[in-house]
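We just call them A, B and C in the order they show up, numbering each chain from 1.
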């Protein structure tokens, strides 16, 4: 079997994997460019963002946008450019047609005139759902900061 | 020629590139989640793992699993979450049907309650072979830590 | 709509996204391996490399190769291995058939016998054009170091 001979479902799986990569490329750029409303629209209307660093989840686009806006304002005041890298993507289609997408997240911070450095390392676990217009959106995101993990 | 008009072999090459990315997403997660046996099964039965940081290669799944287990136990004791990022993938099909896959490796460490930081930067050079079931496995891996390089 | 049912143009877009990833995997390896001439040939004959860290752009392959050669020689003298990671790719086909490709760039440096660390965080904004032989080349690259940004 040559490398190009993959199982028959390779095509769609391949397209989905790339689609999720591209989705994240666009999505995290919204966050890092302080485009809070566009960021919130990459979540479903009832989207949930939960994190082990947050006392409670953000629920719905208004809360998700407000949290992003607040974080962006603080970074702007401090003169910090932050970049969220998602990588090492693993994509699993669920039986119900939703998509589980797991990534590593590396957050890099650079103060104006200062030194770039790793800010945080996290895992990111998404439930993505396809909309009527064909686009994927995040229905549920769980971000776990590695420094705040409890068990092993 | 428009961007979508690529050479006729674009499809299979594209699928292979994505497949290797996905393979690494799954594989390195096994390592970072201390799933040593599953990690070892991403290598062929006679797989070889060689590194400029190791006095000698690990050969075969039992040795590869044992090395991963030992490293995972040490990290658990120290309360360190490690993440292996592979990126900047270059894939080359060989004439014999095997696949040479080269990546950059960035290893990020986070102590519990501490600060995430780059641990090591390496290159990773794999020989991948397709199995009868259609899956790719690592037959030979060479990891070179950048800090231990000798020549330039 | 199942995850595999994407708009009809998913195939070409998917192939292009992967193609640009692979192009960057090869291209940045030329830079990091001090292969200055091969690096310069990933730009068009009249390619332009502009950066907020440079007083003026490099224009044409000879200037681009010379700049890479000079940087590589300095790193070799200092015994530093540098790695350029491009990620979080966003690809947009323009109406004229050119491709705008935006990435985050993370530059990692490792001194021989020393500690790997993030050197710089940047954005990279490319205009790619397809050649008669079917390959993509960089016609214009803009690199912005995050530490040198002025406005917000």
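Simple rule for what comes next: contacts are C-beta pairs under 8 Å (C-beta built on N, C-alpha and C of every residue); 3 or more make two chains touch, one makes a residue touch a chain.
These numbers come from a predicted model, not from an experiment.
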| item | value |
| --- | --- |
| Numbering shared by both copies at the subunit B-subunit A contact, with half separating same from different | different |
| Subunit A onto subunit C, rotation angle from CA fit, given as a multiple of 5 degrees | 120 |
| Subunit A and subunit B: spacing of chain centres that average the CA atoms, whole Å | 23 |
| Per-residue multi-chain contacts in subunit A, two or more chains | 11, 14, 18, 87, 117-118 |
| Subunit B to subunit C touching residues, read off their complex | 1-7, 10-11, 14, 17-18, 87-91, 102, 104, 106, 117-121, 146-149, 152 |
| Residue ranges of subunit B in contact with subunit A within the complex | 11-16, 18-19, 21-22, 24-26, 28-29, 34, 76, 79, 81, 83-87, 93, 97-99, 108-118, 128, 130, 132, 134, 136 |
